[in-house]
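Note that the chains are named A, B, C, D and E in the order they appear, and that numbering of residues resets to 1 at the start of each chain.
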């Protein structure tokens, strides 16, 4: 590990340093504001530091990591999203509430560290470690002790299912290692392409890895935990799971398949197509009549990951670009949507504002949040002038370009079903204010939370109408992932 | 076929079967420890003494102690065992067992059909492992420390919540 | 120190893995499920060590160590969660509480 | 003076627009003035132009005035232009002249009615549209007028809108004629695409050039135009609307449903006679339809008790004569009868109106009786009109025009003789049914009170029309009776000469038939004025041979049924089914989200096992 | 000159934002802003009238091409020809009408209402201008959203159902179009190595007949849903019925036209051979629409629903005309679109006014309205008559030319289609009978109904003049669109076929 590699790896090192610093700070003095602000400042610093690492890229940092354009893009997305989640969490936890809140930020930082390392991973060891650092931290965050009953239940579910899926992932890695004798993505790719007598091991291994990854990405049929955990976790944590962990895991599996597996084998491709189609249709169907907004968004995220698989299956430059743009669009939109849910909720209330009735009359009582949520939902539905529209266009383009007939058909069908439930939420917000709530004094959320939502909204509209800069950035960074 | 390996593997599998079928938590824990020790034996046979040692110290030692501690704390008695027996009706276990059997068959077939070469009969001692850990896997160690940090923080936080009775 | 055929090593790992899965699926007690999870992780570790033995490389054992780390973390957090759950619901039945559904 | 031709249709249109815009703001006097005078001025101009035309005929016997280019698309150029030739001249004079008289009558007749101004707005609009119909130099302008008069007919039949029955009658009239109109429109499409122009003269010229006699296209085109004519002129099989159209005010019946609009079909066929000459089959059909209609309508008239319905069937029957004339190539005779019919039928309707306006709108002849002494003006007018209708020999206009038709039929070979026989029989029935009405309504005991007196606006039109009904026939006399050919001479440039019977015998027979009918009526209806017994035969003819019943069962009910049953849109239920499927699927898949962690793990395991299986099976 | 097209889009878009923001101050502000914005747009377009027929002018009157997403070959390309111009004029005028007639109807969230109205107008104008296929699709989707809000927020009883149905139908079909667009673009890229969404570049792309057919179908379904053609029409009765008056006016008057425009501009020129082969099917659908729409219109009790089904019938003529694909039929299609926009828009305004007065649209509860509201009834009569295709009013010109054109393409279709004229008479007169004529029914509204106000009379008077103008002197419209249509016709005629022109 030479100086150049060290410099390139600096943003990640910085994140580790920030984590330790915050831990020490908490050790010295427990103060919610201090912990939160130092976390936010630290994440901001990392975000700033990331582009500074660009001149050194691409560079290998030990056999475990690499820093290249794609890492800068995806890690940037992870760090930026984490920053937004941190601010939203500060707003969410800021209310009068008993109990210590400082560990929350520490876990947020370790989770972010694990997630940020995933895009840079080019080795099973780093892949696994990043993933598990993320998972264990999330376990703490999901079950984060609060008066909310569901937290513990959600935590248990994540514990058992996550553990099982990790075991599958590890066993798969072990099979591939047993077969090829290496755990480096690049080496695996070289050996695979050179022709391998025991390809079966690699295929079964990949299938088991896909099980683990499919779980994290909540793809059908590994999706069943998703709504329960999204509902049970505190709203900002839900945003984190929905956005940060998805981006991180998707980026690493994208790299794995590009570097190590080229075309993943015809049979597994068929399996992946099936997973994509099932996710698109299943996710949307599950969301159809859902009356809990967090669950609805959870099912919708299942479908969106299915959409994303279309770009993944399409591959090639266009597929990578489409995936990158779509992930960015998905990040902005989902952060916005869950952020608004968080802005409407307080942990002291016993549950988050996630029932459909909580949204009745929102256009009247909280016009800004309602309007923003409306635009976020339109983006999820893929309507202009939002990023979601461009993103969906990109996906269909990649799918059509690669001639993926069935996945594209499922995408179209899924989108049509999707429109229905997104608009249901819109309709709910347009309903009259329930009598019970109209008497209560108007609730307010911290201003900075709304500012974050406003920034996301601006991004959503700006990159939705003029996506050229974003595409240019993607070409510059994530497009370089090609093996 | 190495007899040592065969015996150790047989014990491991048998003990595991016992573990997942015992109604008593303490019994199950004991069987699990036996299984782990047998696996340590396998590691030793395979020429991985360092892994064998860790298996004994950390798995059979530390982790099992944690379990025992929790079992003691929860004070699970005969009533719970009766309940466990009740839950272990064939209707409850046939379906899942079939699933597990399927998976086992798939992986077993794979291992049998794979026809991979024999393992190199060399011992990879603690020194070799240590060199690798401080070399290419240096960052892995660092990250593992963060993993442990996260686990400690999470466990601490949740444990405190238990103590506070939230 | 004789060479062990790889298929037997992996066969053991596969058997342990399947048994662990069976345990997770069959048992309703959260404590047993957690134990079974440990079996599954341990099986993966066995597979790594077996593979490492084939290639006469330290990577297998290192992966085993990392798995061990993870298993320890998982158990510590998991047990804390189980305690929390028991404190709240006075049961370890995994099927006892499922408010989150639908 | 020719240059003012455009004013002839424009003045009534202007009157109509003024009345519409001024609705609710003008006094009754002003509305009456605007309504009647706009047509009056148009009539003055029309007669002046006619004078000039007759004294100094333009080259080619036609005067054309192009107003503006309507459209010019894809090689099809259509102008809005007027063409005045002898044929349209006759029509123009009838429309403006008789039209003015009826307007005048209506100003008094309609006094005190709600919507007085609206009535004249519609009526003026009708005159404008009718003038456009006859003056238009191309088919599309003609069609515009054609539809325009249909609309006004609809509006005026339903003038008393509070009674739903009137609305039903109005809609029936419009829709039934529109069936014919659609045939006409398809005919226009055929002409425009095959002959390349919609100019009537040009199309006729091209037709003669490009279609040989009897060619299928010519026949098809002629039949399609005939469809339009049949609808508008209430001939078989589209005749059913006319009796119901009597729901409108009586001046409307006089103007639209007797004198002008219903004869538009005759005008159309006369106008396009060149085409019909190329299509003998179509022309035979015209004659056959005419003969069948005149008999059917005659029998039906015999079984009516409502004076206006009697007149309506009579109109149908008389137009049947005109069709018969067209069918046998007696073009001039058809136009002659059209002219005289306009006089005497307007007279009949107006006098019937004059009767009913004094009888509180009682229209049942069996509730009248003995009116001859109490309403002498109405009686004498009706009597003169009836005499003309029954073709009382020598002294009525109707006699001469009917003789011209029968003479033409007699001369038209063997098939013509059959038509002649039908016509003669029809003449007998005509005398019978109209004098049945005269005797029952005007003689015998009085059944109803009479009130009020007539003003000059009623008496003047009745007088003028009476004079015309008597003397109007003198412009054209058969060879046996002086051989005057004023009308034929006038029409000679536009219509081929009709054949005439050489002998006097058929003339005598026909005259006798009419007299016989009158005589029989006198025998049967002079004294006992009891309503007829409702025998099946009577009911059959009362219902005009059951066409309404038939159409109701065959067309109206199925359509109504389909509209009612289909109102919820069966196609939508397909989409509903799709939505239902999605919801049902949702209900099923959401059951998998049962919240049990072991079930979820099983899902994970199944997924993984399947993936591994997929990987292993290659 | 080039900025003009951008301004045409920007003015209503920004006007919408201003209207929204100003709504909080005073409810009249958004109204005036909307009027001002639309009037400014109208003023901008006026100088363009007549330029299409200037000598030496190509079919495109003016255009602008800015880089937008250069990486994907997408540019901000707006082009205006006579066809677009005429439709844009219709859009703006009906937009103005919508603002005026909503003055008293819309009293809640006035700002947002007018913002949505202006944004919908923006989207529609964009659809008529865009020549980059992606830009077209962008605007195509863009107009959906404000329209959804117009229906869902200000509509009647079942507004949510109707709005969602509207969106799902249009969205589902337009995704098919997106797939087709992309497939076309990639085929073109494979053939030429150039990635572009430029319509003019994609014209004449070579592909196999089967491919062309499927792509054509993708486009066709999107436009057929919007048009709407049977059997994709069922969203329309619901949407029209539940929308507020202004929404119905915009939907019927303008939005449906985007479907016809798409057929004209894209389906046939991009896939001439496939469209030619498909013509019998499309014409069958057109004829089916004419008759089916008329039959269902006849069966309705809800006045708005009846008018909505009459739209289905009228748009059947448009479909028939487009696939007859000769000058007469196409010119007829244009006039039919304009006339339908005016006459149906006017009818919806009248129903809206009626509902404001007697609080029902159910014709069973009406009857004899002529007595209380002669002006409203008179206007209703005029537009009912226009919609049954009386000569002298605009609809007749459209229907006649379409029939004449399609007569050359297919006699049987034309004959069946012309039965629609009879059916049209049946439902239009039934409407007049049930609402305005007959016995005066007991009105559910407690207040005594009052006749049209001066504002409505002015609007309706203007629309009457427009429909008469179209009926008696449509030539200026023909002249405006002729060069554009000629160019389209040239593109849309498959090689080997000679364009069907005027004379036989």
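Couple of notes before you dig in:
In this section, a residue touches a chain if its C-beta (ideal position, glycine included) is under 8 Å from a C-beta of that chain, and two chains touch if they have at least 3 such contacts.
Note that the structure is predicted; figures quoted are calculated from it, not measured.
Think of each touching pair as a link: the shortest run of links from chain B to chain C has 1 of them.
Both chain C and chain E are touched by A, D. Compare each chain's C-alpha centroid with the centroid of every protein C-alpha atom shown, and the nearest one belongs to E. On a Cα centroid basis, the chain most remote from chain E in this structure is B.
Centroid distances built from C-alpha atoms place D farthest away from chain C. The geometric centre of chain B is 70 Å away from that of chain E, both derived from CA atoms.
Centroids of chain A and chain E (each the mean of its C-alpha atoms) stand 42 Å apart.
Work out the mean CA point of chain A and of chain D, and you get 78 Å between them. Centre-to-centre separation of chain B and chain D, using mean CA positions: 101 Å.
Among all residues of chain B, those that touch two or more other chains are 95-96, 99-100, 103, 106-107, 110, 114-116, 137, 140, 144, 147, 150-151, 154-155, 158, 161, 166. Among all residues of chain C, those that touch two or more other chains are 6, 10, 13, 17, 20-21, 24-25, 28, 33-34, 45, 50, 52, 54-55, 57, 59-60, 62, 66, 70, 73-74, 77, 81-82, 84, 94, 98-102.
Here the touching chains pair up as A-B, A-C, A-D, A-E, B-C, B-D, C-D, D-E.
Looking at the complex, you find that chain A touches chain B at residues 1, 16, 19, 23, 61-65, 99-100, 103, 106-107, 110-111, 113-114, 117, 125-126, 129-130, 132-133, 136-137, 139-140, 143-147, 155, 171, 175, 178-179, 198, 200-201, 204. Residues 230-231, 233-234, 237, 292, 295-296, 298-301, 326-328, 331, 368, 370-371, 374, 378, 385, 390-392, 396-397, 400-401, 403-405, 407-408, 414-415, 418-419, 421-422, 425-426, 429-430, 433, 436-440, 472-475, 478, 501-504 of chain E are the ones that touch chain D when the two sit in their complex. Residues 1-23, 25-29, 31-32, 34-36, 38-39, 42, 45-46, 49-50, 52-62, 64-66, 68-77, 79-84, 86-87, 92-93 of chain C touch chain B in their complex.
Put simply, chain A touches chain D in their complex at residues 156-157, 160-161, 164-165, 168, 200, 203-204, 206-208, 210-211, 214-215, 220-222, 224-225, 227-228, 265-268, 270-271, 282, 285-286, 288-290, 417. By the touch criterion stated above, chain B contacts chain C in their complex at residues 1-2, 5, 9, 12-13, 16-17, 19-20, 25, 28-29, 32, 35-36, 39, 42-43, 45-48, 50-51, 54-55, 58-59, 62-63, 66-67, 70-71, 73-74, 76, 80, 83-84, 87-88, 92-93, 95-97, 99-101, 103-104, 107-108, 110-112, 114-124, 128-129, 131-133, 137, 140, 144, 147-148, 150-152, 154-155, 158-159, 161-162, 165-166.
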